[in-house]
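The same chain A turns up in both complexes below, where it pairs with chain B and then with chain C.
What follows is the complex of A and B.
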């Protein structure tokens, strides 16, 4: 079976999940999740804590294997692959807490990523001399972080770490980037700015994103589509406007934040 | 103490420290990267020595020149690293990285005991001697003290080259950086596509080669007999623990301290010579439990 996207062509969606199931103890974290993610449309995932949003990201990137169900990347079954192989096929992941190598500089983090992507053709080369250095500086430029290229990550602010974490993910040349609360931990005055830079960088790099987000302001402004998660499955899906005005969503998810 | 005795103790200490350092280097590398204290390191050292003696004996009997012993040391070290180190990581350690440290220690200790018996099985219990490498380089006389070039110059030179080579390798090469990245955060490394399993396998093999090389280099200076692995693992552990686990430069300094402490004790107060390395270790760890160069929180290699 090949899914047909909205344009009616036979090209399979960028990422598709079919009937994902998984339970942790008594909690059903994924209850028959069938999703299609189209290239070029940034999808926000919202929903209450424990609804299975992060589990969904972890299944798509191979960190958690579903008890049943499958994940397809452009029609290819990637369910059994280990995380590092899924990364190489173009699905990258950014975590709630940036997973940077804190004892290395921002640029070195990107270079390590590039070296991991390219494999080791010349393992004894100096990391700073690898061919991809200019490309990595360009990525730092995309996330407005060239000025901190040579600073060690521990010295950087949370907002800068978030942006560099995204640049590290982009260094892997993904087609799809899954992000868990990309602006959590960032001062609320800077959230929109960080998100603005981030979305701009992704668009520039031609990367589709899926992000879990609690801040409805961010969702309204930066997502092309929204999926509402509840009890381990997608409850609703639509444009930000449709979703944010939906009575169920206002009641269950947004609740008092808006009222 | 006259000058001759002083120089003899000094030279003994330096050459001994160089050997212990080479073995300790592998031990501390493996610990720094993989967080495994590999007791079987002692066996890899002993087997490196046995392999060198056997290979050298074999080729000299075929009429090769004694200098041929040097490449054979390297061959032995690499054989030990690849044929023993590789399978130990691949078949055993890989399965226990997330298990409690006590279990990891027991597993490597079990490997050590198995390999001890394998040595007895293959080489018997009679001591072996093979000093062609030592004789090939001749002697040097310093202030009236005659010492072998092998022990006074070659061993320290190799130790220093390995120290700086490994430092450079880890800090300035692509693969070194990938190893350090995996050391710092295994999950983050995997999420950017680094094959952490291969990084660990590679690191363990390098560490095992260093153990084998230590044994190979020690072989011309000592008699090869059962139990030598146990002596060396305890001593190199003392060096590594005194420095702080995972501290490469620190291990060089403590190897020198312990080597010199032991050799001077041999001349001054021979009854306690065997005790000196451990006295140094205990005294240091009483004052600084994280080791001379270790920091209690951050792990660096």
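What follows is the complex of A and C.
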């Protein structure tokens, strides 16, 4: 479905991939992947291990280049761009293993992100005194991490690191956030709580999200839409209810997760 | 590589932990003591001046250590700056000291940019060795093109004028001495501020996570280049001061031992510490001069043993020991105040 703007012209989807292909050795990680991601939704990507879910995120953010096919961001071809240029166009990324500055505190990680976003260059200004400090404190509050603001990242729990990693990405004020297993490594009792916080923060920031997830409970509760990956391509796409009750998904994905 | 740089911390200067006023007071006292050297120990003036020049260059190496990178060729910028000053004096006799300094810094900055554009693609051992390679190429040029560079004998750097005045030797030495102290304070302060600034903090993340840096929309190479340029300029200032202090520049300025010496001093003082760069340089020069006078051929062995002890028992260098003492002193005072209440 393609949205139309006020002028009546077709508005391109936020992110679109066309016929992405990539192989690693004999394994096809992306096999003719064509899909569109519309703005304002939380799309979950599910599928068995090795199906090409993370590869899809890596291609969309420019970390790896497809052998063929293209990636478009609101109609602009971003396929040849390096990650940093794609980030500057409004696509942020959170990782399965949080990618943080481990010698800095949680707040400093966010302040550095804000400084990068604003292109702060004054060599005599202290990082802690930048104008965006309050905004970053609010972001920490959104992800319920205010109490660990001054703790060095290595001292934080995995769940807190996950949230800080996402907050660092949100500090860039992205239009689209791609997350790889945002609740992996988080204690199962806390997964829903973490996701509640996360979805709330995304909604407040008005960010479209795509997240890879293995926990079907999380998918059922927090995704607006689900795409099922298999053998490097999108096998099915629909609402969480449609997808999670689909016999193929029960057999190939949910069965494997349970096993 | 990382063994040397692992003890540096990105956070130390953002929010300096504990007793900053005591540290500032001790720093002020040390600077005043240095400024009094021509009056209380005139025989030490030249030695201290050489240590200050070296300390500013070591500060350049310290900057890179904050990003987890060790350069074994930073004497290149030390030497280029010194030769730039010497060539300027040869072509423009009676040039002003400030011009010599500017020529040296420009030479170091330009070469820092050119070499930097290439070496920032590499990390760790490759970064260190490529820097070494560039410095040795320049050393060979200085040795072989003797009709231009004076070969192994080097070039004399006649005494420049100071604000248009031709000074006597002692007057000029005093000017260079106090200029060195002023530059130590100014550049040390600037480097501390730079470390704590957004751009300095971003530079230091090279050490911990370049993937995230890229995903913040920044180029790690460009980020490293910014610090590399600063480090080259600092080495350039040190080289220029050294050349004017000694009055002669030789290929020894860029010899690999000089580069290794800078790393040695940086680790001795406290890898990544601004104050450590100068304290390390002062201790190194004093030990070097007196040990070579009294311990003959074994002074290098003594220095080596000293460094081993530092790495094994005080990995944060002399500044780490000093900070420990300051903290302990602070805690004791706090406890006494608590008891007195």
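Odds and ends about this structure:
Definition applied: the second predicted complex is superposed on the first by the 242 of 259 C-alpha atoms of A that agree within 3 Å, B and C clash if a C-alpha of one lies under 4 Å from a C-alpha of the other, contacts with A are read in each partner's own complex, and residues count from 1 in each chain.
Please note the rule applied: a contact is a pair of C-beta atoms (placed from the backbone, for glycine too) under 8 Å apart; a residue touches a chain by one contact, two chains touch by 3 or more.
Predicted, not measured: the structure shown is a model, and the values here were computed from it.
In the superposed model, A:152 makes contact with chain C only, not with chain B. Of the two partner chains placed by the overlay, chain B and chain C both lie in contact with A:87. Once the two complexes are overlaid on the shared chain, A:122 sits against chain B and chain C alike. Applying the stated contact rule after C-alpha superposition, one finds that A:131 touches neither chain B nor chain C.
Applying the stated contact rule after C-alpha superposition, one finds that A:67 touches neither chain B nor chain C. In the superposed pair of complexes, A:105 makes contact with chain C only, with no contact to chain B.
Shared contact residues on chain A (touching chain B in one structure, chain C in the other): 61, 82-84, 87-88, 92-93, 95, 99-104, 108, 111-113, 115-117, 120, 122-127, 130, 168-169, 172. For chain B in complex with chain A, the residues that touch the partner chain are 169, 172-175, 177-178, 180-181, 184-185, 187-196, 298, 300. Across the complex, chain A meets chain B through its residues 61, 63, 82-84, 87-88, 92-93, 95, 99-104, 108, 111-113, 115-117, 120, 122-127, 130, 168-169, 171-172. Taken in their complex, chain A has these residues touching chain C: 61, 82-85, 87-88, 92-93, 95, 99-105, 108, 111-113, 115-117, 120-128, 130, 152, 168-169, 172. By the touch criterion given at the top, residues 9-11, 14-15, 190, 193-194, 196-202, 204-205, 207-209, 211-219 of chain C touch chain A in their complex.
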